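Presented below are the structures under discussion, each in the form of structure tokens.
The two complexes that follow have chain A in common; it is paired with chain B in the first and with chain C in the second.
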Partner chain A sequence: MISLYLAQRTWLHGVPAGWKLLALALLSLIAAPLDSLPVMAGLLAAVLLLYASLGKAALAQIALLRPLWPLFAILLAFHWWNGDVAAGLVVLARILAMVLLANAVTMTTRMDAMMDAVEPLLAPLAWFGGSPRAVALAVAMMIRFVPLLFALWEALNESWRARTGKRGGWRLLAPFCIQTLRLSHHTAEALAARGGAPRGTRR
Partner chain B sequence: MKDRNLVQVALYAAIFAVLGLLPRFDLPFAAGVPITAQSMGAMLAGVMLGAWRGALAMVLLLFVVALGAPLLAGGRGGLGVFFTPSVGFIFGWIAVAFVAGWLMQALRKAPVFPAALISAVIGGIVVMYAFGIAGLALVGGLSVMDATKACLIFIPGDAIKAVLVALIAQTVARGLPEALLSRNA
Partner chain C sequence: MPHAPLIRLENVTLSRGGRVVLDDISLDITERRVGLIGTNGSGKSSLVRLLNGLLSAEKGRVTVHGLDAKEQAGDLPRKVGFIFQNPDHQIIFPTVAEEIAFSLEQAGLPRREAAREAVPALARFQRVHWAERPVHALSEGEKQFLCIIAVLVMTPSVLILDEPFSSLDLPTRRRLETLVAGLEQQVILVAHELDAFARYERVIWLHEGQVRGDGPPAAIIPAYRAFAEGLT
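On to the complex of A and B.
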């Protein structure tokens, strides 16, 4: 699976995940109500400096923003239409800065480190008879399902193409759903045969 | 039974991800407007699994995305997506699945196709746009009216998706009736 994680270690990799998440949360709370263009431009510049300090691979990740450009253009157009381009620029600078900052956390934190950092937050689940370990299991299962479902879709697509010479597209969705549901029944049985999903301490 | 619920929640979260990673479907009269199959995943989760399991599937998906998996359309993911102007739609998926699932359960006695269509339209269009427009207005600093205008071009695509979801639900009801959990729970 393609990952947003930067394999090359940077100084930000060394900062514990919990601190990075906390800093991101605090900054987003502080930045939300601010409406001054110089402050927002400053924030954006600081975030870009942060990227520069992380090296070339990090700067290349800024390209991830490309799908957002049309949306930015629409936003700016609406603000321009309302005669307040400055407000539009503030909004854009804030969105850009926060998206890049959040992405910087994702880039420099492994998924398992992130999971460990949020696990204490899942502890209250035990009060309702749930289990943080069941959450971890669901996450793992879901990630494993993705390539499996891909292969299933490809197989359906191949057989459709063999019969018609065209791509199956949406016509494959119904058989796809039925086959995936079969798959999930097998998985559930296999899980039950191995003792079932982890339960809360309360029985 | 609990194992099966957990597996099915994970399955629908994964289906949602796969829908976003597939090359775009060619929807006939929506050419030019970028349409991903992804929001269909939220309607599907609700219609197939019912309210609570459907909503949990979406919560699981967002959780994994937040952990850093690039599972949203176009390989987007990570914490960054929660700061974009489309964040309203992203959190809206939870409500979409819940409302669509709840309606599907409430319409248990009705034939599958109309029941699924009503659930998908109310959940996947009315509820989703309520959240999406609110998000765009808040994050983008637009008035609600302007945010609504900016979203309108996507509604035809979502209407097609709602019909597709209803067709899928009907096919599944014929081919593997016990899989339509919203009906037999």
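On to the complex of A and C.
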């Protein structure tokens, strides 16, 4: 099943969340204006080396990029049509490197550590009556439910195929939404049973 | 304990979706192991939801270990632990330690302390090695066990289990039953697996929102079984 967090501890798990996020932000800033193909290819190669250093499970996560292939194809086709395939490759390498880097942070950082690092940035929410804790909870729940939603989609697809022999595709969207709402209803009830969403910023 | 382990329902009526699901029910529950049985739609799930404040009675009064379920609904989750049928609906966090820390925080610990205490809490259940595991990597039985641990660390005085065994294989179910049997909490179990109640002190049989049978399992379960067979 697809998950966003690597259970097996790697060296990157040991790096504090704040440093990882800072490095990610700096690298994004540096990479954005660069348009040299060798530099971008080098960056991408470095990111792939980083994944290799994290082990097999991390490398397997690269498969997560599969849904992005159509986007990449469109980007390349657009640049080819403009007569500048090299620029297209630069854009492609930059997106790949950045998505993979961001994913490397997600898959080696526990949610509470991530939120501890991000929460000070969310503090201004409190001035407008918002709760940084509520945002933190929402993000944690999103990470938790992504694999569950994938599994839900797969289950719907299976029932569809069991009766039609074909893939469900877009026809599963409506039942998927309904099931997702049911799931959120159950989860809200379970959250309420444990005292509801925490308020305030008690540390 | 300041209060006797008493759960009291006085003339409780509840409707959901325009249908009366509990019809003028009165019960005193002091036993430590209580089963709740009945066909689908008989009102079992609604009744247990009243005890944790998830639902509120329209008429009548519910008190749980000294707390009024309406007036003190906010205090109920700490006193009444609730385990649902599907652990995937219940687990909120991506890793086991975070899930436990959340419960500890709900029980009143400051956040950092809750995060620190999660591992010792897991140690009490011999599951320290789970701490860093992503929850989706656990088996169904392990997930249900995690849900139970997450509720127990809040040190409730009542544990409600609403059809917790439905998707578990027999060995896993037996393991969880043994775990539940050893708990000091008052336990209210809703289940369709009738053999689960063999050692329970009392079984309450609900039918169409009313109490149809109430007594020791040896008396109630055969009657319910005969009734259910008669429906087929």
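Assume the second predicted complex is superposed on the first by the 121 of 203 C-alpha atoms of A that agree within 3 Å, B and C clash if a C-alpha of one lies under 4 Å from a C-alpha of the other, contacts with A are read in each partner's own complex, and residues count from 1 in each chain.
Simple rule for what comes next: a residue touches a chain if its C-beta (ideal position, glycine included) is under 8 Å from a C-beta of that chain, and two chains touch if they have at least 3 such contacts.
These figures come from a predicted structure and were not determined experimentally.
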| item | value |
| --- | --- |
| Chain B versus chain C as contact partner of A:N103, first or second or both or neither | first |
| First, second, both or neither for A:A7, with chain B first and chain C second | second |
| Contacts of A:R161 with chain B and chain C, given as first, second, both or neither | neither |
| Touched chain A residues, chain B compared with chain C | B |
| First, second, both or neither for A:T187, with chain B first and chain C second | both |
| First (chain B), second (chain C), both or neither touched by A:A138 | first |
| First (chain B), second (chain C), both or neither touched by A:I95 | first |
| Chain B versus chain C as contact partner of A:K56, first or second or both or neither | neither |
| Those residues of chain A which chain B touches in one complex and chain C touches in the other | 1, 3-5, 110-111, 137, 141, 143, 148, 183, 187, 191-192, 196 |
| Chain A partner contacts - residues on chain B that touch it in the complex | 2-4, 6-11, 13-15, 17-18, 21-22, 25-26, 37, 44, 48, 60-61, 63-64, 66-71, 74-86, 139-143, 146, 149-150, 164, 167-168, 171-172, 175-176, 179 |
| Residues on chain A engaged by chain B in the complex (per definition of touch) | 1-5, 24, 28, 64, 67-68, 71, 74-75, 78-79, 81-82, 87-88, 90-91, 95, 98-103, 105-107, 109-111, 114-115, 118, 134-135, 137-139, 141-143, 145-146, 148-150, 153, 169-170, 173-175, 177-178, 180-185, 187-188, 191-192, 196-197, 199 |
| Chain A - residues contacting chain C, complex | 1, 3-5, 7, 9, 110-112, 137, 140-141, 143-144, 147-148, 151, 183, 186-187, 189-196, 198, 202-203 |
| Partner chain A, residues of chain C touching it in the complex | 52-54, 74, 77-78, 82, 84, 86, 88-95, 97-98, 101-103, 105-106, 110-112, 115, 132-137, 150-151, 154 |
